[in-house]
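Letters A, B, C, D and E mark the chains as written, and numbering starts fresh at 1 in each.
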Amino acid sequence: MGKITLRNVQKRFGEAVVIPSLDLDIEDGEFVVFVGPSGCGKSTLLRLIAGLEDVSDGQIMIDGRDATEMPPAKRGLAMVFQSYALYPHMTVKKNIAFPLRMAKMEPQEIERRVSNAAKILNLTNYLDRRPGQLSGGQRQRVAIGRAIVREPAAFLFDEPLSNLDAALRVNMRLEITELHQSLETTMIYVTHDQVEAMTMADKIVVLNAGRIEQVGSPLTLYRNPANLFVAGFIGSPKMNLIEGPEAAKHGATTIGIRPEHIDLSRETGAWQGEVGVSEHLGSDTFLHVHVAGMPTLTVRTGGEFGVHHGDRVWLTPQADKIHRFGADGKAL
Amino acid sequence: MATQHSKTAARLMISPAVILLFLWMIVPLSMTLYFSFLRYNLLMPGMESFTGWDNYYYFLTDPAFSAALTNTILLVVGVLVITVVGGVLLALLLDQPFWGQGIVRVLVIAPFFVMPTVSALVWKNMFMNPVNGMFAHIARGLGLQPFDFLSQAPLASIIGIVAWQWLPFATLILLTALQSLDREQMEAAEMDGASALDRFLHITVPHLTRAITVVVLIQTIFLLGVFAEILVTTNGGPGTASTNITYLVYAQSLLNYDVGGGSAGGIVAVVLANIVAIFLMRMIGKNLDA
Amino acid sequence: ETITVATVNNGDMIRMQGLMSEFNAQHPDITVEWVTLEENVLRQKVTTDIATKGGQFDVLTIGTYEVPIWGKQGWLVSLNDLPPDYDADDILPAIRNGLTVDGELYAAPFYGESSMIMYRKDLMEKAGLTMPDAPSWDFVKEAAQKMTDKDAEVYGICLRGKAGWGENMAFLSAMANSYGARWFDENWQPQFDGEAWKATLTDYLDMMTNYGPPGASNNGFNENLALFQQGKCGMWIDATVAASFVTNPEESTVADKVGFALAPDTGKGKRANWLWAWNLAVPAGSQKVEAAKQFIAWATSKDYAELVASKEGWANVPPGTRTSLYENPEYQKVPFAKMTLDSINAADPTNPAVDPVPYVGVQFVAIPEFQGIGTAVGQQFSAALAGSMSAEQALQAAQQFTTREMTRAGYIK
Amino acid sequence: MSRRTSASRTLIVTLAAWTIAFLIFFPILWTVLMSFKSEGDAIKAPFAMLFSDWTLQSYADVQERSNYARHFMNSVVISLGSTLVALVIAIPAAWAMAFVPGRRTKDVLMWMLSTKMMPAVGVLIPLYLIFRDTGLLDTRIGLVIVLTLINLPIVVWMLYTYFKEIPGEILEAARMDGATLGSEILYILTPMAVPGIASTLLLNVILAWNEAFWTLQLTTSRAAPLTQFIASYSSPEGLFYAKLSAASTMAIAPILILGWFSQKQLVRGLTFGAVK
Amino acid sequence: MGKITLRNVQKRFGEAVVIPSLDLDIEDGEFVVFVGPSGCGKSTLLRLIAGLEDVSDGQIMIDGRDATEMPPAKRGLAMVFQSYALYPHMTVKKNIAFPLRMAKMEPQEIERRVSNAAKILNLTNYLDRRPGQLSGGQRQRVAIGRAIVREPAAFLFDEPLSNLDAALRVNMRLEITELHQSLETTMIYVTHDQVEAMTMADKIVVLNAGRIEQVGSPLTLYRNPANLFVAGFIGSPKMNLIEGPEAAKHGATTIGIRPEHIDLSRETGAWQGEVGVSEHLGSDTFLHVHVAGMPTLTVRTGGEFGVHHGDRVWLTPQADKIHRFGADGKAL
């Protein structure tokens, strides 16, 4: 079980209001990702749920019980920190066993659960090492192991992969996804990595300055961003946002078109422009095109597209992929 | 970290230390304050009487007081200058690669472990004694007249002894700080065309300020209370040439048994120490936060 | 039962510690804890303790200065009831009077001393002089000059220079007495502005700077003893007890070359003699008075003298306390015995100076304030010796300070 | 730095470092050497002394005068005891300051330090009276109390700087794992700070061992530590250099050896937050 | 001017040979990127060029002059460090001015150049701050500013962006590229980021264990990797490498095919496989497909491709995009 409900949750640090007022429902077994710019309150929200910070106002319910006043240990949640927060003086085994020891569990039961977790996470050979003797990915797994053994109602992850290098990140991403599939426990995951958010989430919560901008599945956010903020935030490279007459043509204050939804041609098209920087990745080419009366547009084409700085190109947005936003920034 | 629960816990956890130190400060201090207004000579019990500010008047107008104040400042500043400058130079030297680093460090650190009394005795008798001391032997070996350190330059000699004891401490802290200097920063400066001296002045010294501040703070705390070294070597003399405030208060209350006067002196010393403390804390506070 | 004995680190006391097995044999039920400290430290600790009734000690080693003051305060246990075989009447009267207040004996003398000249007979001979039994300061000055040979590290005269009422001021007060000076006149006015003190200090500085050892301003009794034992002093005017150390061949390199003479004078009727004794006393707060008394009785007894004599020879017996000792034919063979007794007898605590004084004490003034004043004045004189001020300045500072303190203490109205 | 460290440069540095180290250490070395000489030899000129006979006589003389073992035990008990008590009081305080800092944390720390600047002599008499009335004079407990209080500010400060370097996340992790405040400090914080605690312990044992004012004033015999032992040599008695050297060697040897064996830990931790 | 030539350069640390022997020509104005696995000697090579390490053997020429024995300051190169290595106690202005002060330049001239650099790098408003008060990207810019003002013959960058977050990295990448275009100074750039290497470089130098594996333009390396190492190293997601009978069919020991060069179908194709993890990014879908007798193959398709775990799919490699390698790992 792991249904978490936030009702009118507020958080102030002294004068500073970090979370003005927030409602959120997280269903049992869901994989929820919090994204948002740095400082928007993702970590704070996670820590409120964990009980590491007091809410200034509002209510947090876990599985229907009011958990607002409960100390962290009582909430039945497990947390994996960005820095892993392993206990450096304990072996892997002791690290994983620590929450069970604190719960005064029987030694045999502890032994059993630890070796079980170690099997799941491929840590069996490292049980007697100290965290200092492990690689980044292994440490990450130990941190997860420490969370698993408690069989918590939900897992909380705060940017767990941000300290890993690119290759390892891909691996660990897959591992966490698989873990979610096999455990079917609620997971709340904070990240600022687009790819992680898109690939892992059942539901993404986009935060901005402590407010929820949109909640929905990754593809919903990709296809139907509720407002300019979400439109600009989700997707990489960023959606091109165009104001002025071109937008007016579509009856909107701002229109948005993703780089992958612009067709490129050397002969003809809707807009004519001049290539600025072109980035050739082999598999893709990103062109930064200057079009009169518009901001620099980013265009993505598959494979190699042989243009260079200063070349002239024509761009055509795919009509059904144009997003329209009103004066208040909301999608029309 | 900021739940109500943890804040309450924190207050609870810190209170034993705070309460104990507060008692330690306030109880004797208020007794001292009380005594300082009494005419109270240990040798004449039962004759205590209230004298108002007399004790303060006599303590502050005692010519020894101004001498002691000067000496205290000279002693503290002198030792600080020697240990900081010497410590920086020594740390720079020991930071180089050389053969036998471990042993050298062991040798250099040794004076810090020596009891002040012992080091004063050793220096006074075995080294500075104008007849049998090592320096006298050396001077005579060179055909020179032995120098009588403790009567001709008593304060300087004491500064020397105390500096010898504290040099290792300064050196070690500065060495640790030096070793924490980011190597890339040095290399960046090198790429930027800074000479070795430039690098020392513009990179190393600023990097060390924090460590130097700490050395100054800790040493000042201990140097204000230098006592055993003076008692053993010169008894504050000749005249008052090496009397510091601490020694003066000692002389007043324990050589003259004038508890009233000594207490007044103690209160004066506390006030002075607090002035120094406030001054230091300001400086430290700034440097440590940055 | 364990008794704690506080004592100075002087040779005689140290020697006693070596003989404790004898005491233990006689008193198996008493264990003695020694607290051996340097004189100043000892005095400070003991005084603090007794004045605050700390009760840390059972037997104190205290000087002639403290006994009357403390006895009057009721801080000491009377020793009148020591067993008859202790024979308190045997104690030299000069010493005994100093330890008695209102008929109660408050301390038992362990050793007594005056001051005298110890000199090197060989050097004196080399200088072509003969030391009279009762020399004058002029002679001493001349001899000092002639004996000095700085290249050979021989200094004509060694005197105390270390600041302290019991250090340089003991010597200088005694010297001043012989120059006709005094601490106070009958109205408690300090006398440092007088000619007599000026002459005293000038001569002292003159001798010490020209013929004294280097570093003299830090030399006390013990330092000078070391120098003399090493053969670096031609003459040394100091406590008579030193005689046994300088003549002890185990410690002294010049043991067989030492002569003795009375402290010098200037013909004004007083010699530069002082009178001092280190005494054992029981503080009023002690819980173990009986054991303490037994210990004192043993340590200051005639038997103890014989015990030391049997182990270390007569020369090392603690001197200056008992008439019987000086009547002992064995002891009379000791070269300095007679000179010590004469010196002690030459001192008169109730009438120390040429001119009349309102106080008791030869080289000290038996008032509680004296320690502070004496030490402060001693510091000035030691500064003068170190060369950091002139004799006039030192005397002026001394005069000022003393006047101030005496006014504060209410002696000067 | 594998660059331009030519052999000749290393040689010069080596020579300079060894010379300076030798000079700094020389007084101690000389004292130790002298302690193995007879009194007569000890005052000879340096060369003559070095090549004279060796003897243990001075040690025997010193031992005869005072019971070294007892002073030594007192020193051990007092310095170790006071440091341990200080640690027990300081660890929670440092925890609070490092992990739940308030606006006044820094002020409290600075105030604590300023109590160390209080001149000891100024309060001796009052304290002596208090000790007399509580029966603490000349007891180990009494000294442990005083030295604990004297060391406490330094201990708190040192621990505070170490604790600050420990990421708060680890303690939060423990809290999530169900640890109470006690277990958090006992199982997580303290073991993690072991190097820092060790160096705090060492430094304060050294400071307590060498503390020479209160130990002298408040003890006489039963609880007297080595400072008292050496105090009886503070003025000469005839020829005494060898005895003084022997006593000095005995007084400083234990702490010197402890310091040497643990200098790595001591040095590693000796930063007072000076190194960030 | 900034032509750098390495002749037979060797580097040993004690016993360890880090660079066995290496020749390299860097032309004036070129943007050269060093890539390679961790520990392969990229930083070491850069530091040899900078003069921060002595070569054990060989020669380094800068603009035709032998610089082997020159101290770093004399070589006229500027370096930007991974940690930025800013002077923490100096303001931004002083940091940037430091090399000029060391060169004993006139105060007005210093002032002029600093404000110029600040303008270029958008730092004008931060000149009086300390590095500690700046964000990562700003610090990075200060470090570059400090390099620019000296007008060096060449810039050396050692992973300058690795401490920045993803969004900032993209920005800074473009900024550095633009800087190169405007200054036209030689730049040598160390990175382990694929995208950076591909998009910024005129010439990529692939290093492996101190040896050069291949030198060439990004697209050359993408299209014609000289050997298995380069093939596996360049491109993201990684090229699929297949050994055994399938490779033998093409007359090679190993064949390689990039994920973007495999066509995907639900009905028919060359290889049949089962979908493992599928990652939906909106703009792309990455499928990890299990095919019998082959390692898990990564396949990329544009846009949304609606398959899930366990689905059956057919894969067809594009024939002209197959890379063939011999037994020695060299391309055939």
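The rule is simple: a contact is a pair of C-beta atoms (placed from the backbone, for glycine too) under 8 Å apart; a residue touches a chain by one contact, two chains touch by 3 or more.
Note that the structure is predicted; figures quoted are calculated from it, not measured.
Common neighbours of chain C and chain D, listed by label, are B.
Ranking every chain by how far its Cα centroid lies from the centroid of chain E, the top place goes to C.
In terms of C-beta pairs in contact, B-D outnumbers the other of B-D and A-B. Chain A maps onto chain E through a rotation of 175°, based on Cα atoms and reported in steps of 5. Our note on geometry: chain A versus chain B, Cα centroid distance of 56 Å, whole angstroms. In this assembly, the C-alpha centroid of chain D lies 54 Å from the C-alpha centroid of chain E.
Centre to centre, using the average C-alpha position, chain B and chain C are separated by 37 Å. Annotation: 90 Å between the Cα-based centres of chain A and chain C. Each of the following residues of chain C touches two or more other chains: 48, 52, 226, 230. Within chain A, residues 52, 71 each touch two or more of the remaining chains.
Shown for chain B are the residues in touch with two or more other chains, namely 1-2, 42, 132, 254.
The residues of chain A lying in touch with chain E in their complex are 38, 165-166, 170, 174, 177-178, 192-195, 198-199, 218-219, 222-223, 234-237, 258, 260, 277, 279-284, 286, 288, 300, 302-304, 309. Chain contact summary for the complex, chain A toward chain D: residues 50, 52, 71-73, 77-79, 81-83, 85-90, 98-99, 102-103, 146, 150. Here chain C touches chain B in the complex through residues 40, 44, 47-48, 51-52, 69, 73, 153, 162-164, 213-218, 226-227, 230, 232, 368-369, 371-373, 375-376, 379-380, 382-389, 394, 397, 400-401, 404, 408, going by the rule given at the top. Residues 1, 5, 9-10, 13-14, 16-18, 20-22, 24-25, 27-28, 30-31, 34, 43, 45-46, 89-90, 92-93, 95-97, 99-100, 102, 106, 108, 110, 112-127, 129-130, 149, 152-154, 156, 168, 171-172, 181, 206, 209-210, 212-213, 226-227, 230-231, 233-234, 236, 241, 244-245, 248, 251-252, 255-256, 258-260, 263, 266-268, 270-276 of chain D are the ones that touch chain B when the two sit in their complex. On the side of chain B, the complex with chain E involves touching residues 182, 184-185, 187-195, 198, 202-203, 206-207, 209, 290.
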